[in-house]
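You will see two complexes here that share subunit A, one where it goes with subunit B and one where it goes with subunit C.
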Partner chain A sequence: MEAIYLGIDVGSVSTNVVAIGESGQILTTVYLRTRGQPVRAIQEGLEQVVNALGEDIKVAGVGTTGSGRSLAAVMVGADVVKNEITAHAVAASLAVPGVQTVIEIGGQDSKIIILRHGIVTDFAMNTVCAAGTGSFLDQQAARLGIPIEEFGRRALEAKSPVRIAGRCAVFAESDMIHKQQQGHPLEDIIAGLCEALVRNYLNNVGKGKEILPPVVFQGGVAANAGMCRAFNRALGTEVIVPEHYGVMGAYGAALLAREMKPGASAFRGFELIGREFRTGGFECQGCANHCEVVELREGRQLLARWGDRCGKWSNAVAV
Partner chain B sequence: MKVTFPHMGHLWLILKTALEGIGLEVVVPPPCTRRTLELGVRHAPESACLPLKVNLGNFLEAKELGADTIVMAGGVGPCRIGYYAQVQREILRDIGCDYEMVVFEPPDVHFSEVWDKVKYLNRRPWQEGVRGVILAWQKACAIDLLEQELQRLRPREVKPGQADAVFQRALRDLDAAGSRGDIKRIVKRVKGEMAKIPRYTDRQVVRLGIVGEIYTVLEPLVNLHIERRLGALGVEVVRGLFISRWINDNLFKGLLPLPGHNPEKTAPPYLNHFVGGHGWESVGDTVTFAREGCDGVIQLAPLTCMPEIVAHSVMASVQEAKGIPIMTIYLDEQTGESGLQTRLEAFIDMLLWQKRRQAGKVYNGRGRNPCQETMPGCLRGQ
Partner chain C sequence: MNNKMWRLGVPRALFYYYYGPWWEIFFETLGIEVIVSPPTYREIMDLGVSLAVAEACLPVKAYYGHAAWLASRVDALLVPRLVSVERKSYICPKLMGLPDMLRATLKPCPQIIDTTVNLARRPEEGLAAAVQGMARAIGVRGHRVELAKAAAEARYRSWTCERWGDTKGLETGNTDQAGERRYALPVGVIGHGYLLYDRYLGMDIPGKVAALGGQVILPENIDPQEVEKACRQLPKRLYWTLGRKIIGTALYLMEQEKVAGLIHLTAFGCGPDSLVGDLAERYARRRGKPFLLLTLDEHTGEAGLNTRLEAFMDMLYRRRSA
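The block that comes next holds the complex of A and B.
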């Protein structure tokens, strides 16, 4: 029976699961849309892992990351719970040895991680502004009636990209509509948008940081060839898109689980794919904070509660 | 006259003692909660910085408890707090919330400006009043002393939350204390209780300095209990901003011999001038913390805070020259807790890696990198 390590990255837009072997090689990857139902997405992800690898596997460790890492950790029984920045840095350093800069653009946020001699020395994260994230590109692709998969390819066909304001998603959109009405070809507008988003990223997220090659570009948006080219031009260096660019967070979490080598994994078994999990919530009336408490139940059993500031509810559950 | 004041961390306890000492009836606003924030945000200008909004919420909640007079701090520097009181007075008048406002600020010309206001508020013979103010001052010093002990304990206690519980009890007792003897007894007892809390002796603790705008540094509602969060992550927090120092610097013009910030000595050549608020102190304290061997510094500021933006812009050069990682966090009404938690965790991970590397040898670029041995194994040259 082969020992594997699982990494689960529960993000706002996508939920990814990666299984790696004892020597760190990737055995299978799963990329799913979270669609606001992280519990369902995690179950589906695990199911696909079993389908791909068969029943004859032994999970030796589990790591979770992403904004839903705590939920995932309680649900599947994780050995390591890590923030996205550390997970992405770990994955990038293994995929591209000697990497000095990691650009990660996901669905709802974007990050920059600076490494020197294999160690994170600086990072920044943008969660306030949607401009430059995957969701905004998704939305614009839908508005222009182009499948998101084709968005990047169309950008490459541009002859002279138009200038679009990239500081804010709202400004960018109104600028795009204006340029469309003036009659600019769609390709030039898309390419202009990519350049604007890269400008916005470098100004807001990467500001003041020394971006040295090798630069790794990962996250869902790295699939977009238009964005890659815009980065190449803006940075004057070729960005490297690793093979598993879309699931690097989960890969990092799996690597961290392998690194920890838990004696006995806290993994609760693949049976949980079929079990019924329910999340519920209520507003605590204990004080004027009115905290929104969320709870996770398996059948009737209460697994965890969180969201309260004072610990009245979360501490009441023995996990 | 029923007086109230804005919240800022434990300031309420000190102000309450002082104002009661001069014979006033005091209404302490309910502790800051989300409702406070919502009330403030509803009535304040959108572009105002966060402290103004929360203050306003405090006043509205205190009104519900019958307060009719506000004691508010002002300022004369480039920071916007200088006109908070005026703006808040106008807003309160516009929404029909009747209040009288007494504003304390650093004297412009003469100390009598502060004195006259004290005289106006005073309801007791001078001797008694002075005794009350001194008592308040002693409480301020006691709180700051115990809080520093709390900061040391948090990352080391075996059961998280124990030290905080002791500290909260101490605050309640200090609130009730009526004499210097009481305060001394409480401090002694609480120190004893804290010493008994079981703690890890072998845990690797990161030391982190907190600098920034005083309100966001001291008010836990606004900074989402950052010190408690950091403590739980195994971080010992140190900071230069304490209420006792702030009172001394702002109201007594630094008359008392307390450890000061001395930014004029520590901040140059990065920042050579006062820039309003605590911007200069932020830079100066960062240099001090780096010198004292802290592993990192977190700068806190409300979104759009001009003095801290100025400080932020020179932090990159401080970071490079002093080799101390600095992370700046802007706080606003919509700050999500998970975003903050992720940044803090990542920052601590980073500091731990760097700490381990410093413990090893410096890599000269040739041969095997000895530093990599101390990193997570999956990063070792593969």
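The block that comes next holds the complex of A and C.
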């Protein structure tokens, strides 16, 4: 029976699961859309891992990351719960040894991580605005009636990309319509969008950061060849897209679980695929803050509560 | 006016976090009942956001909320017009206009004690005038005012000394601790006092850093003389009192080898901070001290903030163990 380590990344747009072996090699990867239902996505992800690897596996450790990491940790029984920055940095430095810059663009966030000698020395994430993220491309692709998968290829066909304002998705759209009305070919507009997003990224998230090669480009948006070319042009260096660019967060979480080497994993078993989990919420009336408390139940049993500022509810559950 | 009947409201916001004890003791010694609004909570914040002009910074919006909370409960509000609290230095101009902005906003508006405090040119005369002005506003003159001022100053001194003395992070860093975090890391958390000490508005960043293993050092924990000395590194003197305090603290902590990193908490829309924050970040980068800038506004989600803080503390631990 082979010992594996699981990494689960529950993001706003996608939920990814990666299984690695003792030596860190990737055994299987799963990429799913979260669709606002993290519990379902996690169960489906685990099911696909079992389908790919068979029943005869022993989970030696589990790491969770992403915005849904706390939920995933309680549900699955995690040994390590880590933020996305650390997870992505760990994965990138294993995939590309000596990496000095990590560009990560996901569905609703984007980040830059600066590493020197294998250690994170600086990082930044986008603030409330999602203009420099995958959702921006998704929206515009939908508006132009092009499947997002074709977006990158079409961008590469551009002869002279047009300049589009990338500060704000709303303004970019009016700019784009204007360019279409003027008669610019679609390819040039698509390439222009990629360049606008890169410009936005470098001016906001990448502001003031010392971007040195090797530069790794990961996250769902790295699938877009047009974005890669736009980064290559803007940075004057070839960005490296690792093989498993879409699931690097989950890969990092699995690596962190392996690094920790828990004596006995807290993993609650693949049986949880078939169990019924429910999330619910209520507004606490205990004080004037009216915290929105979220709870996770398995059948009738309460697994965890969070979201309260004072700890009245979250501490009441012994996990 | 019979001042026994008076109830004076002091908003627990902005400069309350710098001079609150002074004001309380001063007016109480003069026989006034002082009512301080409760620590910020959601309704106060919502009230402030709905009343204040959209361009105001987050702490000013909170101040509106506190003033509105007090308005129906007191006879008068203490909203001093703070122009300057020390020689050749000034307070943010947005704050100077608070009494006027509140009068235009609060309906009905209680009497507002808006004594001007301007110590920029002649600090001693300026202070005397401010104290006399506040006393006059409640109908008190003479010897009693001097006694109240002495009592207020004594309380203020002991309060600030308590805060300076609290430099655990610098003195005893690297103590052993159980669990994943093997030791506590001294981390400077800088920013305006009304963000750092307001646990709702500032999302209790100092508490969160401590929970992640940090030994928190705040600007008020450091001897002001050290802060002033560190400020002399700047090519030009900063004339904002709070800005100088923040940049001076940052520069001083950057020189302390034990300090693992700095976290700067700012409010969206803060004019002085947009310059001071960038300045601090540039110096930190040049000196290789990890620096995290956190900007708060009324839409800030706690999850995003937690992720950044966790990642930053992780980075500090991994750097130290490398």
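What we mean here is this: the second predicted complex is superposed on the first by the 318 of 319 C-alpha atoms of A that agree within 3 Å, B and C clash if a C-alpha of one lies under 4 Å from a C-alpha of the other, contacts with A are read in each partner's own complex, and residues count from 1 in each chain.
One rule holds for everything that comes next: a contact is a pair of C-beta atoms (placed from the backbone, for glycine too) under 8 Å apart; a residue touches a chain by one contact, two chains touch by 3 or more.
Computed from a predicted structure; not experimentally measured.
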Three-chain arrangement built on subunit A, subunit B and subunit C clash or fit: clash
First (subunit B), second (subunit C), both or neither touched by A:Ser67: both
Partner chain in contact with A:Ala225 - subunit B first, subunit C second, else both or neither: neither
First (subunit B), second (subunit C), both or neither touched by A:His290: both
Partner, of subunit C and subunit B, that touches more residues belonging to subunit A: B
Partner chain in contact with A:Leu255 - subunit B first, subunit C second, else both or neither: first
Partner chain in contact with A:Leu186 - subunit B first, subunit C second, else both or neither: neither
On subunit A, the residue positions that both subunit B and subunit C contact, one per complex: 67, 82-86, 117-123, 125, 127, 208, 287-290
Residue ranges of subunit B touching subunit A (in the complex, touch as defined): 30-31, 33-36, 161, 225, 316, 325, 336, 338-339, 341-343, 345-347, 349-350, 353-354, 357, 363, 369, 371-372, 375-379, 381-382
Subunit C residues touching subunit A - in the complex, by the definition given at the top: 41-44, 200, 281-282, 285, 290, 295, 297, 299-300, 303-304, 307-308, 310-312, 314-315, 318-319, 322
Residue ranges of subunit A in contact with subunit B within the complex: 24, 67, 82-86, 90, 93-94, 97, 117-123, 125, 127, 208, 255-256, 258-259, 287-290, 309, 311
Footprint of subunit C on subunit A - complex, ascending: 67, 82-86, 117-123, 125, 127-128, 208, 287-290
